[in-house]
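Some structures are shown below for you to check.
Paired with chain B in one complex and with chain C in the other, chain A is shared by the two complexes that follow.
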Partner chain A sequence: RFRSKRRPPELYWSLQPVRDTHEKQIQLWKELILDYCKAQKVFLIGVVEDFPLFSNSAIDRTLSHEARETFLSAIVGEGSAEWLDKGHRKCLILWHRIQDWADIILHFVKENGLEDSLMTVEEIRSGTESHGTKLQGIDRTILMRTLKLLENKGKLALFKRTSADDEGVKFSV
Partner chain B sequence: MRRRPGIGGLQKAAAARDQYRLLGENVAKLRTDLMKEQLATFRSQLEEFARKHKNDIRKNPAFRAQFHEMCAKVGVDPLASNKGFWAELLGIGDFYYELGVQIIEVCMLTRSHNGGLISLQELCNHLRQRRKKDREAVTEDDCLRAISKLKVLGSGFEVITVGKKKLVRSVPTELNKDHNQILELAQGQGFVTVEEVQRRHSWTSGRVIDALETLLEEGLAMIDDGHKDGKRRYWFPCVSSVYATSGADT
Partner chain C sequence: MASGSSIGVGGLFENAEVTTSGRPVLRRNEVECFLLSSVDLDSEDDPPRFTALKSGNLILTTHRLIWIPSQSNEAVPFFIPLSAITHIFSHKKSIKSMFHSPRIRFQADPGSVFVTIVFRGKGDFDGFLTKFWECWRGRAWEEEEKSESETSRSGAGTVAQGLYGNDGTVRMVGLAGILRKEQEQWESTDKSLQDAFQDLNALMSKAKEMVSLAEKMRQKLLSAPSSQNGSTDDEEMGSKEEMQQWMLSVGIISPVTKESAGALYHQELSRQLADFVRIRLEQAGGMISLTDMYYHFNRARGTELISPDDLWKACTLWEKVDVPVMLRKFDSGVMVIQNKSHSDEEVMSRIRMLVTKTETLRTGVTASDAALTLKIAPAMAKEHLLTAETKGLLCRDMSPDGLRFYFNLFPEIDPTNLHLVKDFGTYGEWVKATSLLAV
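After this line comes the complex of A and B, so read on.
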């Protein structure tokens, strides 16, 4: 169960007007959000939806929409997240960067002797080999991006037989 | 014939007064000499004591505090000079020097959180955490002594008293009486509202807001607009005992 020593009490729930304090506040929330998402394997945050971190019923506080957007934008700014829409309502959290995921997949391939194998995308994220690994449950959007990156590097080829089939991957690691 | 004090009588009286005065001075001198001698004896006995109990003084804070008291009574300051007899004998100079350095570190680490003002209690807690492995206990008294040495170095450290608490200031921020009174009021719940301050001190709202704005600007306060009563609260990390900073213990 995720527990943080650094959970901010009442004082960090309102956006601070003084610049230095504001920056400190952003830093704290950035770390908190990323740590939480990594621990809980959360890949997507809906800004207007309920998100456990954004409310604390014990102290009766909730982050305003503006605060949520501010903190998530800060994470986007440092390259650890992406807005999926112009309205900034959905945020893809890259607590591992795409390059990191690529390394994880290469490692996964070697560990399981899949160097010349075929797998479906769905198998990569939910098959028996990925069970208990970092890849289990990986967000599909992130996985596709990662696979495309590896394809560009010649480590694999993506293909689709019919439109009904899941995409397939042929590794050539 | 009536007896009158003649010249002779006057001279005699003057001579007698002189003699008494001389005697008086001698007695005083004797007393001072005696006292000086007693003091010197006491000092050397204190030195002997310090030599014998060097370890206890280093390891036991209660003992250490009493030792300081004894020294103070005799007019000896074991911390007066890092190179002095005392420092060499006891290594006490080092103890306070190291503590001073740690105090500076803790203050710097927590500064972005509390604006450069930390309660003595919280400071000591941080220090105890850091020094756990040394097993050399540290009291608030030790901290105050170390800080008074820091002051001599001109490092901008100051201990201020706000209500019942002592706060250690590590930034040059000057706090005036209004600020102090707000800090004192904040000790109750860790925060104040404009209304509360006005009610307590009968200031105009302008005066209250001015003072609070300064405290905000200095990083000593943070706003909280989330309470359901809609009133803005000003929180003061330096007086909140509910919050344990994370900065120093990572």
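After this line comes the complex of A and C, so read on.
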């Protein structure tokens, strides 16, 4: 047995009609999408847009709209993604759940001694402290959700000085 | 020559010139077309508008109908110019007419007189009638009228005007002429149609006769008991064999028909079909679609074709009788006939062998590929591939090139360890097959 970066057989670009095969196919694609997004730090997938994972020009195959929606809906169904619109055109990928992100932030705060500090939201995702960490480049929507969750738990407070300013965070971990 | 113009209708019948031996004197360009003897010319009207001409020879020419008395009695030869005839009535065959002498009626001017020609003798009456129409419609006298009116005629009076020409004939001029011509055309067509249908009816009745005759013969052949008597029976047998040969060569088989089998029609049909099907199945590789069978069966029957519904009913009856064939319906709705002994497993294993070859692991198979390898019809091959897919043996790939089926590797892929590319099992084989391509 050996590990390889090579992708599994290019056999499953067509939606399989037979139930057992279909379910296996969904399972495979779910894993594939989540792994890819985590590795590439992709937080948002536009269903009708080009997405490298959904096409393979070498064999001239691309996932149909129906297939994409099917697979993404399956991920949404297990809680690792969210549809941002009713038309199912934009999908927020939560390869870390919100709760996971909350833990990451708390860890980040402790690691950097920011227990009583003030930071802007933007600093959290792109400041020097976050360089090289999981937080770097995190999707803003996800970050806000996470911060709100932590606020509800009393771990921090969100505020805004003026409408022109970015939102600020006061940790009270 | 007797003066005979006044037999009743002035101007219609005219004296006909005859030679001393009784032959008519024909005019320039006049051609004799037909001769019949023992002909009467009667008046249809009551009271009769002319004295009947009895028992004479009727001569049809291109220009005239000439009647010459057969006996040198008081009667005088007369003629009616064809141009005087306004209407020839179509002869309707009826039961009554079969017992009477044949007759033709026509109407002529002046006076719209109805004349009946009664043919009391033997002769080709139908031929005469045909010629009569031809000559009348041929209007040979019109050619001459044209040429005559162009040259100056001695003794000719004023140029003919109106409907009647100089010699008393009716001229086809003007609108009346056109209308009359149309009418004639109509009548002629009508007559031809009637004749044609007569022939068709005759043909149909003959065909029925033939079939019943053949059936009788067949019954005789079938019911003839074998006997051990002397040579007379040998002769009989010989001739019976001859009859059988003859019947075979004529191509009459005795298919099961609704008349012959009655209430047992579908049952008997069902058995006949089962026999026929067995041979066909072998040729088709064990499975044949219902539509193909419909075509083959009816083609073999030749006549007394069965409807698709009857075929289907006959197949469904197989469940009730002990025959080695069965009707099967696929999920896709396609209905096929197959041997009861047909094994899906056997076909599956053949498909499995096909799709796990190195080449087909990589490229997959289409229905036509499978048809070639399995030696069955493409439609049947597709059904088998779909069945294999349902059983999880195959998965599909739909591309612009069409639908292809591949060995289903999904079960061999570990979803928790996606990037683990196995080097054993069919997965391993697939890897080998695809890595043969330089990417």
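Observations
Please note the rule applied: the second predicted complex is superposed on the first by the 164 of 173 C-alpha atoms of A that agree within 3 Å, B and C clash if a C-alpha of one lies under 4 Å from a C-alpha of the other, contacts with A are read in each partner's own complex, and residues count from 1 in each chain.
Basically, a contact is a pair of C-beta atoms (placed from the backbone, for glycine too) under 8 Å apart; a residue touches a chain by one contact, two chains touch by 3 or more.
Note that this is a predicted model, so its numbers are computed, not measured.
By the touch criterion defined above, A:12 reaches both chain B and chain C. Counting the residues of chain A touched by each of chain B and chain C gives the higher count for C. In the superposed model, A:34 makes contact with neither chain B nor chain C. Contacts of A:42 after superposition: neither chain B nor chain C is touched.
Once chain A of one complex is fitted onto chain A of the other, the partner contacts of A:61 extend to both chain B and chain C.
When both complexes are overlaid on chain A, the residue A:173 reaches neither chain B nor chain C. Touch criterion met: A:20 reaches chain B and chain C at once. For the contact definition in use here, the residues of chain A common to its chain B contact set and its chain C contact set are 5-6, 9, 11-14, 16-18, 20-21, 24, 60-61. By the touch criterion given at the top, residues 112-113, 191, 216-217, 219, 222-228, 233, 235, 237, 242-243, 246 of chain B touch chain A in their complex.
If you check the complex, the residues on chain A that touch chain B are 5-6, 9-14, 16-18, 20-21, 24, 60-62. Every residue of chain C that touches chain A in the complex is listed here, in rising order: 389-390, 392, 395-399, 406, 408-411, 413, 415-416, 418-423, 427, 430, 434, 439. Those residues of chain A lying in contact with chain C across their complex are 1-9, 11-14, 16-18, 20-21, 24-25, 27-28, 31-32, 35, 58, 60-61.
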